Amino acid sequence: MSLQLDFPAVLERWPSLLGGAALTLELAFFATVLGALFGTLAAVGRSSQSSLIAGACKVYVESIRNTPLLVQIFLVYFGLASLGLKLSAFTVAVAALTINVGAYTAEIMRAGFEAIPRGQIEAAEGLALSRLQIYWHIILLPAIEKVYPALTSQFVLLMLASSVCSQISAEELTAVANYIQSDTYRAFEAYIIVAVLYIALSLVMRAGFWGLGLVLFPRRRRLGTPL
Amino acid sequence: MQQSTPSPEPIVSLRDVQKSFGPLRVLDGVSFAVERGEVLAMIGRSGSGKSTALRCIDRFEKVDGGEIVVCGHRVDRPDVDLRALRQDVGIVFQSYNLFPHLTIEQNITLAPCAVKGMATSQAKDLARKVLAQVGLEEKLLAYPEQLSGGQQQRAAIARSLAMQPKVMLFDEVTSALDPELTAEVLRVIEQLAADGMTMVMVTHEMGFAKGIADRIVFMHRGKVHETGPASILTSPTTPELTQFVGTGNLKS
Amino acid sequence: MGGHLNINHLTFLGQGALWTIGLSVIALIGGGIVGFAIALARISPLKSVRLASAVYVQLIQGTPLLVILFLGYFGLAAIGLKVSSLTAAGASLTLYVAAYLGEIWRGCIQSVPKSQWEAAEGLALSRTQRMMKVILPQAIRIATPPTVGFMVQIIKNTSLASVVGFVELMRSGQIVNNSLFEPFAIYAIIAVVYFAMCYPLSLFSQKLERRMGRGRSNLASA
């Protein structure tokens, strides 16, 4: 067995590698933003007084959390196609990732909502705030603050999981690695380099969320409480 | 002490109010009224129903029977306009319940802006004014956790005052405080009474109740057991109040 | 080509489902053994061991499972190690699961109160004895709900082995689809089968967690 590694053969494809990394970040960005919105709504929905809405949100969360992302992506891909919608791989990928991470976000946010003391809500009700205003001004930010580490870990996991989108030929980082290895027969080197890029991307995301935390929770910055 | 001027409509009136938690009957035909400018203190052992009665006034508890009218709102009815009711009624809790992620100023300006549509600059002026009333002007930009318990409770009172309520409810607002911090909160409430604010308070501070209240309601087993001017604390007529005042005086 | 879903297809899918369970068990056992070592290494008194295990966890947790699978399958083949798709998938999942279970279990071991360590030390137990007789029995109780919860992740993650050609549930669905060409219906069936495997475990994990929560709050109030 001769072990001869040739990393330059892969590294000379750096423009496609960077392009793939950029697309992976883009996928993660859109799915995170949309999934955070969607999941928060689902979390609110789970505590709805209407048992129909609460039940629908529960079915959504449990069905997504108990099936593989790969199956979900194929279902969205072929499901939209059978509805006659011809969408780009990127759009399908964002849709599937959003639906997926939305369910996890809903579960995390629900824990955050439940951690808000009852007295906070009574005080807000006593000040005549509406249900929506209470969610927006009183519950949302402290709830996010309480679950921020879990939430951001979930979004980093989402970025890594987006590698599965290579299977519907979205040209993100893993798909780029697949092309390069089939071109150069340098599979080991290609996947090692891509693994390093993913690790770098997760560090970039963690740094980004740390910065976002400083903006979102000014009290912590003022009082110096660590995130 | 300010003399309450008799007015045709009481600000708060309860008539034969019934309330049970499961098999436990906590309010068993409670009736009393609070006139404009009057200060009413509710006293009694824990579990006597005094806090529940207070919370019924702002509809934090729904009643099972009887009639509650607050500033013209029929609180006992299911169709009561809760947000209109709560603009007329201010409530202060034992555990302050300031919003931890907002500065004191934001705690105060939130409801005037969000509920009454007040302009931000106007609300900020108002915040300064109500904070001056409770002696906390310098804490405008602090966060709640930077304040002592007594300061937090005064800020919570200021937050309620900013909504310019017609009546203020105080639910054991000094029970979580050390004696020296209790005093600073009680001084603020005394000043409000002197300014003519209508108030209903649940309290364990007998000396304070005696000094400030126009009327005392002594709750016992879900009923108004004895009621009258503050002087009933010194010369109670029922054995239950006699015993209660005895133990209460030991505390204060 | 074409035609309807028949008993042969269903038998084939059933076999795939069995392989999904089989691969999950391999990943759980393999990942559990390596993960246990990782958990102990993460709290080792030796700094170099702590550091090495921390680096391992960070590297694996920063890499997508799919890339690890490709490394195990194409990568090892490319440098001259020919492995079967079962070996590649089993080994990759083991390395992956170990990093996550190791971290979960480290957290559980560290959540045993420090006073327990000190009490055991006071009884003159050796480090190994303290770990085996005092700390681990308590940590296992704490670790059960999240471990059962993570088994759901393992089952779902085995679906990625389909990409390196291992015929588990997902891959058998793709093969059936190649002859029937009813992708939406077939993937819906596949999804239902995964749900039937995962949901009971999720419920069980939640139930254990609630029971633990009660136990812990009793402790706190005592």
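First chain written, first letter: the chains are A, B and C, and each begins at residue 1.
The definition used in the following text is that contacts are C-beta pairs under 8 Å (C-beta built on N, C-alpha and C of every residue); 3 or more make two chains touch, one makes a residue touch a chain.
Computed from a predicted structure; not experimentally measured.
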Q: Please list the single chain whose C-alpha centre lies closest to the global protein C-alpha centre.
A: A
Q | Greatest separation from chain C - chain, by CA centre | A | B
Q.
Based only on mean CA positions, could you tell me how far chain A sits from chain C in angstrom?
A. 21
Q) For chain A and chain B, what's the span in angstrom between their mean Cα positions? A) 46
Q) Between chain B and chain C, what is the gap in Å from one C-alpha centre to the other? A) 55
**Q.** List of chain A residues in touch with chain B within their complex
**A.** 117, 119-120, 122-130, 133, 137-138, 141-142, 145, 217, 219, 222-223
**Q.** Complex contact set, residues of chain C against chain A
**A.** 58-59, 61-68, 70-71, 74-81, 152, 156-157, 159-160, 162-163, 170, 183-184, 187-188, 190-191, 194-195, 198-199, 202
**Q.** List of chain A residues in touch with chain C within their complex
**A.** 1-3, 5, 62-63, 65-72, 74-75, 78-79, 82, 160-164, 166-167, 174, 177-178, 181, 185-188, 191-192, 194-195, 198-199, 202-203
Q | Of all residues in chain B, those that touch chain A in their complex | A | 58, 60, 82-84, 86-87, 89-91, 93, 95, 97-101, 110-111, 114-115, 143, 145-146, 156, 159-160, 163
